[in-house]
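Structures follow.
You will see subunit A twice below: alongside subunit B first, and alongside subunit C after that.
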Partner chain A sequence: MKKVDNDKTTARRGFLKNIAASVVAASAVVPAALKAGDDPALIKEPEWGSKLGMPADKNLYGLPSPYEHNVTRRVHKLLSSGDMYASVAMTPIHELSGIITPNGLFFHRSHGGAAIVDPNDYRLVIHGLVENPLVLTLDELKRYPSESRIHFIECPANGSTGWRSPQFNTLQFMKGMMSSAEWTGVKLSTLLKDVGIKPEAKWALAEGSDNSHMGRTLPVEKLLDDAMVVWAQNGEALRPEQGYPVRLLVPGWEGNLNVKWLKSIEFGDKPWHAKEETSKYTMLTPSGKAIRYFWPMEVNSVITSPCPDKPWKDLKKGDLVEIEGLAWSGQGTIKGVDISFDGGKNWVEANLKGLVLPKSWTRFSFMYKWDGKPILLSSRAYDDAGYVQPTIDEEVKAVGVEGIYHRNAIVTWEVKANGEVNNVHIRS
Partner chain B sequence: MKKVDNDKTTARRGFLKNIAASVVAASAVVPAALKAGDDPALIKEPEWGSKLGMPADKNLYGLPSPYEHNVTRRVHKLLSSGDMYASVAMTPIHELSGIITPNGLFFHRSHGGAAIVDPNDYRLVIHGLVENPLVLTLDELKRYPSESRIHFIECPANGSTGWRSPQFNTLQFMKGMMSSAEWTGVKLSTLLKDVGIKPEAKWALAEGSDNSHMGRTLPVEKLLDDAMVVWAQNGEALRPEQGYPVRLLVPGWEGNLNVKWLKSIEFGDKPWHAKEETSKYTMLTPSGKAIRYFWPMEVNSVITSPCPDKPWKDLKKGDLVEIEGLAWSGQGTIKGVDISFDGGKNWVEANLKGLVLPKSWTRFSFMYKWDGKPILLSSRAYDDAGYVQPTIDEEVKAVGVEGIYHRNAIVTWEVKANGEVNNVHIRS
Partner chain C sequence: MFTLEVKKLSKVAAFTLFAATFAFAGADKAVDGSMEYKVVNGTYAGVYKVNEKAVDAKGFKYGKKPTENELKATRIAVRYDFEGLPEGKGSVARGDELFEQKCAMCHGDMGSGGKGYPKLTGGDIDTLKNQLVHPENGDEPPERSIGAFWPYASTLWWYIKTAMPFPHPMSLSDDDVYAITAYLLSVDEVQIDGEDLDDDYVLTKEKLMKLHMPNEKGFYPDVNGKDGVANMKKFLSNPKNYGTPTKRCMKDCTTGKVVHIKATLDSGITPLVSVKKDLPKETGEKKEDSKFAKLYEDKCNACHSNDAIAPKVGNKESWAARIKQGTETLYTHALKGFKGMPAKGGHADMSDDDVKGIVDYIISKSK
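What follows is the complex of A and B.
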C-alpha cells in the first residue's frame, strides 16, 4: 500500500510541474477558466506542501509572516525631534482591513519616548475637589466592573501633513496618526461614584507619569459621559507606547487627551492651562487668535484603496474593482459617505459595511467599473450629529491656512490612466 | 526661572519620598482615602517619570510590555506529537479582555507545523462540479468585495482536557483551544457566482496546501450561507499559524473545518471521507458507533474570572468583585447566561456586556459580594437557536464518557475560602 501511494504521489507531482506553467500564466492576470484537460486539482505543488512547518512551541507570542515585513509603523524626521523621543509613529492604514488595528501597528505619539512602567509600582491618584481622594493599585483598579468599547484614537494633527508643505503623497504619512481598537477598562463615572466630586468641581487635569508629564484639562461633563480608564487593548494589556499599564480614554476627542501612563486625575474649578494646551494643541484662526480647549475630532473620511501607497495595478478597462475607505466622527456615528469621481462636482452614495458604531471607524465601499480614464476620486462623510466633511475652501475660510490641527477637509486622489494615485488639492 | 523651577521640583520630589510609604501601604490592600495633610498629587515619583522612554523609531512593529512576558500561548506534551509539529498552542483566555484575541495569542493547531507560504506563489483553485473552474492569485482574490466579521474559532476538542484524565486544572489548558478575531475576506457565495456550481454539486472538499494536506468535506448549504475565504485577521494579514495568506472561515463550525493555507475547493456529489474525518473528528457515542459530519460548536460558556489560573486575591469578606466570563454558540447568538453559586442547584441571571454578535464570543458579568465562604461557581449559557448548555450527566447520557469532541457541559469552579479555584465535576 505505502509504496503504491508513494508512486502515485510522485506521478502526481510530475504531472503538476507540467501544467504548472500554463496554470500560473493563465491566472497571472485575471481569473481564468482552465484549459480543457487540465486538472485544476493539480495546481503546482508548492515547496511548503512537502516539508514540515513551524512547530507549535515556537513563537508562543506570535509575529506576522516574514513576507509582511514592509507592513510597519513609520516615522519621519520632519515629524519628530531629531532623536525620535518626541515623535509620532504612523499606522499603515492603506494595509489595514476592517475596524481593528493590530496592537503592533497602532500609531503612537509621545513627548519623551514611551515609558516602561512597572505595574507593581503603578498607582492612580484621584484627588482635588473630591470628597474621598483615592490611590489605586492596578489590581484594585481592575476590581471595578469593566467594559469594552471599540473606538478610534486620532491625533488632531492628523491630515496636516497632506495639507501643509511639504505635502506628503502617501496615505500612511497623511492620515496614519490614527488607529482603532477594542478598549477595556472601567467607566470613569463608575470610579467617581467612590470618589464623590464636589459641586464646584468643573474641570479635571489628567496627568501622565512619563518624563514629559503630559497633562491635559478636561471638562467634568465629558468625564462623566463616556470617558474610561483603560488597561487593555484588543484583548491584551496596553502596549508600552499606548500607556501601559493604564491610559485615559475620551472617545472621539483629540488623541493627546487620552493621557497615557495615567498618574493622576485632579478635579478643580477652572482649567489648568497646562503647557501642552498653551504651547500646543490650540487652533490658530485667520484673525491670528487661537481657539483653545477645542476637543472633538470632526467627521472625516479617506479612501484607502486606491491610494498613493496602493495604486490600481493590472486593472483592465471594464474590470470591476472595489473602492474602499474609512469614515469616522468623534461627535457621533457615521450616517453615510458620498464618493465623487470628478473632484467633488457630482456625488454618489457609497455603502457602509460591517459594524457601524459611535465614535468608531466605519468602512465604506463602492464597486466601480474602471473605464481606463483618469479620475479625481474624493469621499465626503456625514455623521448623525449633523456634521458634513467640508471642502478645502470651506475649511480655509473657517480656520485659515496656517493651523495644523483639526484639518478634516475632503481628500481627493488623482487616479491616472496607469492606476497611479496622487494627493491633490481641489480649490475653487 | 529655570533654576527656581528646578528647586521646586527637587523640593517636591523630597516631600514625595516621605509620603510615598504611607500612600503605598494605604493603597496596597483596598482603595483608601489619604491621611489629612497628605497631598495625593505628590504620589511617589516613579523612576520612569524622570528618564527618557523608548524612541519612536524602535519597535516599528510593536510588542507587549516586558512585564507581560508570562502572557503567551502554551503547549503541552500530552496534547502534542512530542516533536510539536502536530500540536496545539493554547490561548491564555484567563488573561484576555473583551471579544478580540490579539493575533500573537490566537490559539493554533496544525498537523505538520505552520507552513510559511510565499504569497507570490499562492494560488486558490475552485473546481469540480462547476461551470467555470477558477485559479486565483492573491491579488485577484482581494479584488472581490470584502467583508469583515467578528467570529470565534474553536477546536472541537476544546474542553476535553478538563474532562478526561489527566484532568487539567487550568483554564488555559481546559478551554484555550479557542480565540476570537475580526476576519476580513470575501463571502464564498460571491466567489461562487463567478464559478457557477452545477445542480448535482452537494458537497465540497476544502484542502490546505501545508504538508498535512488537511482536507475536510463541507455541505454546499453552509458554503453558500456564511462561509468566507479570508486573508486578514484583526486588521492585518493572517499570521502564518492561522493559514497565511488565505484560510476558509466557516463561522461557528469546528475549528478544523476553517482550513488553513487554503489551496483548493472542489465540488462533488458526495462526501470525501478524508483522513481527518475518518481517523479524527468523529464523535464516539455510548453505542460504540461514531457520529460523522457533525459540525457546529454548541452553546457553551466558562467563567474566566475567577478561575484556577486567576484566583481571588486579597479579597476581604464583604468586598464587591466582578465575576466575568465568556459565552459563545456556533448555532446562533447568545441570549443569556445564568450563574450558580451552589454547583447548579440555584441560578441567577448574569448581565451580557459589550457587543452581542452571532457566532461570536459574548462577555457576561455579575457583581458579587464575597462573604468569605467557599462556593461552587458555575455558568450556563443559552442561545437564540434554543439550545442550553447541558449538565455533565446530560452530556454523558448523550455522548458517553469516551469521546473527546464537542464536550460543552457546564463547568464548575470550586472557589475556596482563601480564594483558590479548582476545576470540579458535579455529578448527580
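What follows is the complex of A and C.
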C-alpha cells in the first residue's frame, strides 16, 4: 500500500466505523448509565440529533415550531359585538421579546371581518378639496419613495375591562389589544405634494373598502406631520388582518384611525362624524358629556415578566431575576420607567434597553433579588412630551369609569410568596 | 428647539426625586399635544436616517385623475351637515317591515337588543351621567342608544347604508335606508321639527336635514367651527383634561388598598390560556377546505354560526326537524328565502348550484 493512500484509507475506515456506530445508536437505543446529578437531557442523544430534520422544501412559507402552538392570538365572546366578525383577537404579549410583533400574532380587530382584497383591483382615490385629485394603482403607489418606521398600534379599548375593577388574570387579555411592527410605505406629506391640498381643507376622511366601509376623520395637520400610507409590515406585505394591501398609519393614534384596506382619502373643511367617532370611540364622562376625537394613545407601561401568565413559581428565595416590561406613548418617546415594590408608595428608576424610538414600544429592565416575600409590583412610564402614567385613582377622578376607551392607569401585580402573580388594583 | 428642550429635560429628571417632567409649557406641540419631531441634518427625531431628496421630491406623474363617475362611486359618506346625503324617501311603516326582515334577527325586536349584538334603541339621555361604580349599591349604567346618545342622524343614515345589514352591506336602496332610519328614530321617540314620527310619517332628505338629535350638544371639544382643529389641540395639550399627571412622585406617595379580582372572565377565553411548550393534541377534526365549506364560511356563516339568529350549523337539534322536510324543500327555502332566511342568504349574485352545494354541506355538518 502506498503511503499517500494511507491517510485516505484510515479516514475511510474511520468513516465506516462512525456509520456503524450511528446505526447501532439509532437501532438499539442504549441508554448511557446515568450518575447522580446527571441531566438525562444532556446524556442521551436526543431524537432529533439521530435522524434527518425537515427538508428544505417543507413549509416554503415557514411556521413556528409545533412546540410553540400555545403562542397564539386568543378571543373572548364578551369582547365581540355579537360574533367573531366584529371582534378582536388579542396578542400574547407575555410571550413576545423585543419590540416587534410577528405578523401572525399581531392583534386583529375588525368591524366586519378581515377583507381579502385583490391587489390587482386595488385603487387609492385622493379627492375633495385638492388641486389635483388622483387615482393610484398599487404598483403606482409603491413607486413613490418609501420610508420605514417602527410604531405600535393600540386599540383605544385596550385594558377597558379594568375600568371598574380587575377582571382578567392574564396579561394577554389585559393589554393584548396592541402590537408593534416596522411599517413601510410613503409619507403622506410626500404623496400629497403633487395633489396640492387647498388651504381651506383642515380635515380628511379616510375610508376602507371592507364590509364596514370604515370611515374616520383626521386633521390635515397630523397627516402632514408623520402619517403614512403603508403596504408592508415587518418586511412582507401587510397581512389581511392588518389591511392588505394598503392601510393608513397614524403613528401613536387610536388603532381604529389607522384605516385598513384603505380606499380613499377625501379632504374637506369640516369633520365628518362617522359612527366610530360618535356612537363609539367617544368617552362618556361623569358630566354626562362625552369626549370625542381623543386621538393619541397616552403614555403607558406594563411589566411583562413576571405577569400572571408567566409567574415566578420556579424562583427560590435569594434568586437574582430581571423584571422586564413594555412602555409606550403615542404622544412622544419613552423617557423613563419607574418601578414600585409597595403598590406605588415608593418608586425607583428602571433602565430602558434596546431601541428607544418615538411612538414605539420600548423595553425596560430592572435587576431584582427576590427575598421570597410578597410584593406589589407596579411600573410607571413617562415620555418626552412631559406626560406621566396616572394612578387608577387619578384617572378615574378625571374621567369616571364609563368612558370605555383610553385607559392607561398604572398596572400592579401582586406577587405572592409562592411566586404566583395576580392582577390587582390599588384604590383609595 | 426640540433638542434643546430635551437636554434641559434630562438634566431635570436626573437630579430630582420629585421630578417635574413637564418642562414644556408654552413649547410647540403637535395637534394632539404630543412631541413634534423634525428632520434635522437628514435624521428624523434623532434616530431615523432620511433621504431628504426623496421625501421632498415633487413632480411625480403616476396615476390618473378620477372621472366624474368614479368620484360618484367613491363618495358614499354623509357628513354631519348632511353633505353627501342623496335624495330619497321612506315611511316608518316600511322601515318597520324592513327592520323585521333584515335586522331584528341580530338587533332584537325594535332594535331592543338581547341577542348579543348591539342594542340600538331604548336608551335614556337622562342616564348619561350615571356611573356604574358599585353595582352592589344599586348603581345603574348609562343607557346609550341612537336617540339618547348619537349626536347626528347623518351618521345613522351613512352607517346603515354602508355597513348594514352586517352580512350584506351596500345592499339597501336609498329609499330603504330612509325608511329604516325613520323607523329607528320613531322607536326612540325622536321628533323632527316638533313632529312625532308616526307609522305613516314619510322621511325625506329635506326633513332629515331639519333634524337635531337630542344629544347633539353632548360631546366636546367643539370641533365643527373654523377653530375646530385648534380646539382639539388646546384640549389634548392639557393633560388635566384626561387625568394624566406631569409630575412623578418618588417617595411616600399616596396609595390605597389592594382590590382583588372578584369574578374572573378568564374561563371564556378561546383557546384557554396555556404557556406549555408541548406538541398540539390531535383533535381528529378534519380541516374543511372544500369549495362549499369556503362558500358557506363566506356567505352564510355570519348568521348560521349563532342559534340566536339562524339555525346553527353543526347543531343537530336545530336542524333535525328542518332536515326532515327533505333536501328539495331546503334547497327551495335557501334559494327563495324562508321567514328570517333571505333568498340565497342575501347574495343574489350566487348561482343556484352553489347555493344547493352549500345546503348539502350544511346538511352533512348538521345531521
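By definition in this document, the second predicted complex is superposed on the first by the 379 of 428 C-alpha atoms of A that agree within 3 Å, B and C clash if a C-alpha of one lies under 4 Å from a C-alpha of the other, contacts with A are read in each partner's own complex, and residues count from 1 in each chain.
Note that contacts are C-beta pairs under 8 Å (C-beta built on N, C-alpha and C of every residue); 3 or more make two chains touch, one makes a residue touch a chain.
Bear in mind that the values here come from a model prediction, so they are computed numbers and not experimental data.
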item: Touched partner set for A:G112, first subunit B, second subunit C, both or neither; value: both
item: Subunit B versus subunit C as contact partner of A:K202, first or second or both or neither; value: second
item: Touched partner set for A:F168, first subunit B, second subunit C, both or neither; value: second
item: Contacts of A:V399 with subunit B and subunit C, given as first, second, both or neither; value: second
item: Which superposed partner A:R239 touches (first subunit B, second subunit C, both, neither); value: first
item: First (subunit B), second (subunit C), both or neither touched by A:R363; value: first
item: Contacts of A:V88 with subunit B and subunit C, given as first, second, both or neither; value: first
item: First, second, both or neither for A:L134, with subunit B first and subunit C second; value: both
item: Subunit B versus subunit C as contact partner of A:E154, first or second or both or neither; value: neither
item: Intersection of the subunit A residues that touch subunit B with those that touch subunit C; value: 66-68, 72, 74-75, 83-85, 95, 112, 125, 127, 132-137, 140, 143-145, 147, 149, 194, 211, 213, 263-264, 266, 355
item: Subunit C to subunit A touching residues, read off their complex; value: 6, 9-10, 13, 21-24, 29-37, 45, 47-48, 50-51, 54-60, 62-66, 70-71, 74-77, 79-81, 83, 106, 115-118, 128-133, 141-142, 144, 146, 149-152, 154-155, 158-159, 162-163, 166, 169-170, 218-221, 223-224, 228-229, 232, 235-236, 239-266, 268-271, 273-280, 302, 305-306
